[in-house]
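Look for chain A in each of the two complexes below; its partner is chain B in the first and chain C in the second.
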Partner chain A sequence: MALRDIKPTRSELISIKRKIKLSERGYNILKMKRDGLILEFFKVLEQAKDSRGEMLNKYQKAAEMIALANTVEGKIGVKAAAFSVKETPEIELRNKNIMGVVVPEIKSSQVKKSLVNRGYGLLGTSSVIDEAAESFEDLVDTIIEAAEIETALKRLLDEIESTKRRVNALEFKVIPELTEAGAFIKMRLDEMEREELFRLKKIKARTSAKARTST
Partner chain B sequence: MVETKRGPASYHYVCTRMRVRKSLLIPKEEYLRMLNMSLPEITRSIGETGYKKEIDELATSFSGIDLVEVALSWNLAKEYQRILAITPGALRHFTENYLRSWDIQNVLTILRGKMQGVAAGRIKELMIPAGMKDRAFLDRLLAEETPERVVEALKGRRIHQTLEEGLPEAMETGSFANLENRLYVQFYDELVRDAMSGIKGGRIFLEYIRLEIDVKNIKNLFRLRASGIEEEIRDLMIPGGSFTPRELQVINTTRDRDEFIDLLKKRVHSPPLKSALEGLRKKRPIREIVVELTRIQLDQMERMSKRHPFSICPIFVYLEKKKHEVLNLRAITRGKESHLPAEQIQGYLVM
Partner chain C sequence: MEIAVIGNSEFIVGFRLAGIRKTYAADDDRKLVEQITNVLEDEGIGILVMNGSDMARIPQRLRITLENSIKPTVIAIGGEEGGLSIRERIKRSVGVDLWK
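Right after this comes the complex of A and B.
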């Protein structure tokens, strides 16, 4: 806000003072929100690290199991068993609120199945297929869990970023500019008051001088 | 009708040929040598051990390890067809019936592929025509549009009725698991009935099949235990062996491992199988148990073939050993491809 655009009036000064008060209150609240979000972010970050590690372990296990299944049953056997699976896992998406940030809550179903519900027959397959299927079911479950945590992390990070921008804008732009404008108006009003006083004094002096010459 | 008129000379001839063929299978030392080779060396070595023709034939359609795997399967299928061609009378009848398990596998793969909407070419890659249904017949099944049409095309075949009865449920639930189990139960039931029908050599065949059923049931019991399944399992067990499905159901509900092993040992007659079960008291990965039981089964079958040198046993032992040669070679190549340690691959070889 350029100072030349400001009207140096009392009402403007009152309005600016109100704005400064509001901005300072908003600044304090946003600063608290930012600090709270950062605390929450670190909590979720720990969970994300754990879930990443778990996901990596499960991926390695699943890769090892599929390699074993390929070794024992051959690619033909593994592919034929894979044809048995028709159902795709169902995912239910809900929202939850962390300090005003809407994050997803993902619930999965039909990922982990028992041996008899996997779609392939017990009598035409071998145990390596069971182990490979089980390890991939575990992996999918962990991926879904990690997706929930990492989306929450990303949303929290976005919110922290925008809150930080708002706090900085208030701290380094809005409030200083308003304070400067308030000071400018105050200075202009004082100057105008002084000018008025001087003018009145000058009029009074002229009036007194005129009266003296007439008497 | 089963042909039983041929004399003992043809039995001697075919059993001797089986023994000769068995002696040409890859020996244990060669597998151990392969385990220390690199993948290209193994592929070259496989090409030099009787699989060259199939590798050359398929080289235009496949490459790398897939080529080796498909060539091994094709060789197995051709070898089984050659065995059928030289097997006479009742032996042929038993062999044909025994090889029908491959038909079940192929038909189920076609049905599943059709239900999932997989292209016929991709399903065809998974076919191993080692059973009674040859490549041309399987191609005809592959050309059908829907699973219902595939089942319709099997009219007049042994598996048709079971397929027709089980297909609606499979289509509704999207799972062929129950149908698959029913087909294999029917398969073993027919093998047992054939063996008991008074055909010459039936008694030995029955002994052989019972051993296979027992080993398969025990393996599956271990699988079910590993998955923590205690519910109704009678439909998942094969009748006709030393245990009835009801007995297996009771054994499966026994949580204590020692008690579980004791119950199995009580009914098992074969001493090597008993001692193998004794070794399973300690908790081990299920895949190791399965390999161990397969080794015992093959060893027992080998003993039976020595006890009955001119019977169905030498043929079946050769069929099984040939199958395991293919499985071993596939395990070595796939294991090497996945960079598994040689010791781990060796653990899965049945030598």
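Right after this comes the complex of A and C.
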């Protein structure tokens, strides 16, 4: 808002004062929201670090197990077992609310299966495949957990960024501009008042001079 | 909702063993991009699992889309890539490198 666009009127001054008050209130609330979000973010961050480390460990273990299964059973054997697995882990997405940020809550069903439910025959395969399957089921469980936490983290980060931008815009752009406009109007109003006073005095002097000459 | 896995045939066989049906083999770059686009269009997929080294191979634009994607959530395992992208975002949003 450029200064020349402002009409120096009393009603404008009142409305600007009102706007400043509103902006300051919004600024305070947003600042609190930002701080709250960062606190929440710290909590999730710790979890995310843990889950990522755990996931990497489990992945390494699972990779080892599958390599072992490949060596013992042969690639075809492992593939045959893999393609006969029937049960699919289903995940369910639900929403959770953290300070106005909607984060998913992921529930999974039956990732872990018992030996009999896996679908491939018990007799045709060796225990190595069972162990590989088990370690991968474990890994999938961890992945689901990590996915939930990482999505929450991403959403929180987005929200923190936009809140921070809003707080900064209010603090460094909106409020200073409004205060400047308010000061400008006040100055102009004072100036106009002085002009008016001066004009009145001038008129009074002139009329009194006229009255003196006529008498 | 289901989980999808994209990677080379060795990578996906283990997940197949864990019962995941939507495993897509992608052995070259072109196929990889094709499969990723297919998965992104699939409404029934909630989580996409990829190999960290594959994540580094795809075009940057697609990678950024994947990193910012929430549904499906993309998880890269085996490799630092997944952690690195989050690290960058934390640096940008909070201003301090907290991922250590």
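Observations
As a convention for this text, the second predicted complex is superposed on the first by the 214 of 215 C-alpha atoms of A that agree within 3 Å, B and C clash if a C-alpha of one lies under 4 Å from a C-alpha of the other, contacts with A are read in each partner's own complex, and residues count from 1 in each chain.
We take it that contacts are C-beta pairs under 8 Å (C-beta built on N, C-alpha and C of every residue); 3 or more make two chains touch, one makes a residue touch a chain.
What you are looking at is a predicted structure, and each value in this text was computed from that prediction instead of being measured.
With chain A as the common reference, chain B sits beside chain C without any clash. Applying the stated contact rule after C-alpha superposition, one finds that A:Met187 touches neither chain B nor chain C. In the superposition on chain A, contact of A:Glu131 is made with chain B only, not with chain C.
Judged by the touch definition given at the top, the superposed model places A:Lys164 against chain C, while chain B stays out of reach. Of the two partner chains placed around the shared chain by superposition, neither chain B nor chain C is touched by A:Ala209. Of the two partner chains, chain C is the only one that A:Arg52 touches; chain B does not reach it. Contacts of A:Glu150 after superposition: chain C is touched, whereas chain B is not reached.
More residues of chain A are in touch with C than with the other of chain B and chain C. In the superposed pair of complexes, A:Ala80 makes contact with chain B only, with no contact to chain C.
Shared-chain residue A:Leu93: touches chain C; no touch with chain B. The minimum CA-CA separation between chain B and chain C in the overlaid arrangement is 10 Å, rounded to the whole angstrom.
When both complexes are aligned on chain A by C-alpha atoms, chain A residues 70, 79, 83, 86-87, 118 touch chain B in the first and chain C in the second.
Of all the residues in chain A, the ones that touch chain B in their complex are 67-68, 70-72, 74-76, 79-80, 83-84, 86-87, 114-124, 126-128, 130-131, 134. The part of chain A that touches chain C in the complex is made up of residues 38, 41-42, 45, 48-49, 52, 55-56, 59-60, 62-63, 65-66, 70, 78-79, 81-83, 85-93, 104, 106, 111, 113, 118, 129, 132-133, 136-137, 139-140, 143-144, 146-147, 150-151, 153-155, 157-158, 160-161, 164.
Chain B contributes residues 65-66, 69-70, 73, 104-105, 108-109, 112-113, 115-116, 118, 125-126, 128, 174-181, 183-185, 216, 219-220, 222-224, 226-229, 231, 236, 238, 286-287, 289-290, 327, 330-331, 334-335, 337-340, 345, 348 to its touches with chain A in the complex. Chain C contributes residues 1-3, 10, 13-21, 46-47, 49, 68, 70-71, 73, 75, 77-78, 82-83, 86, 89-90, 92-94, 98-99 to its touches with chain A in the complex.
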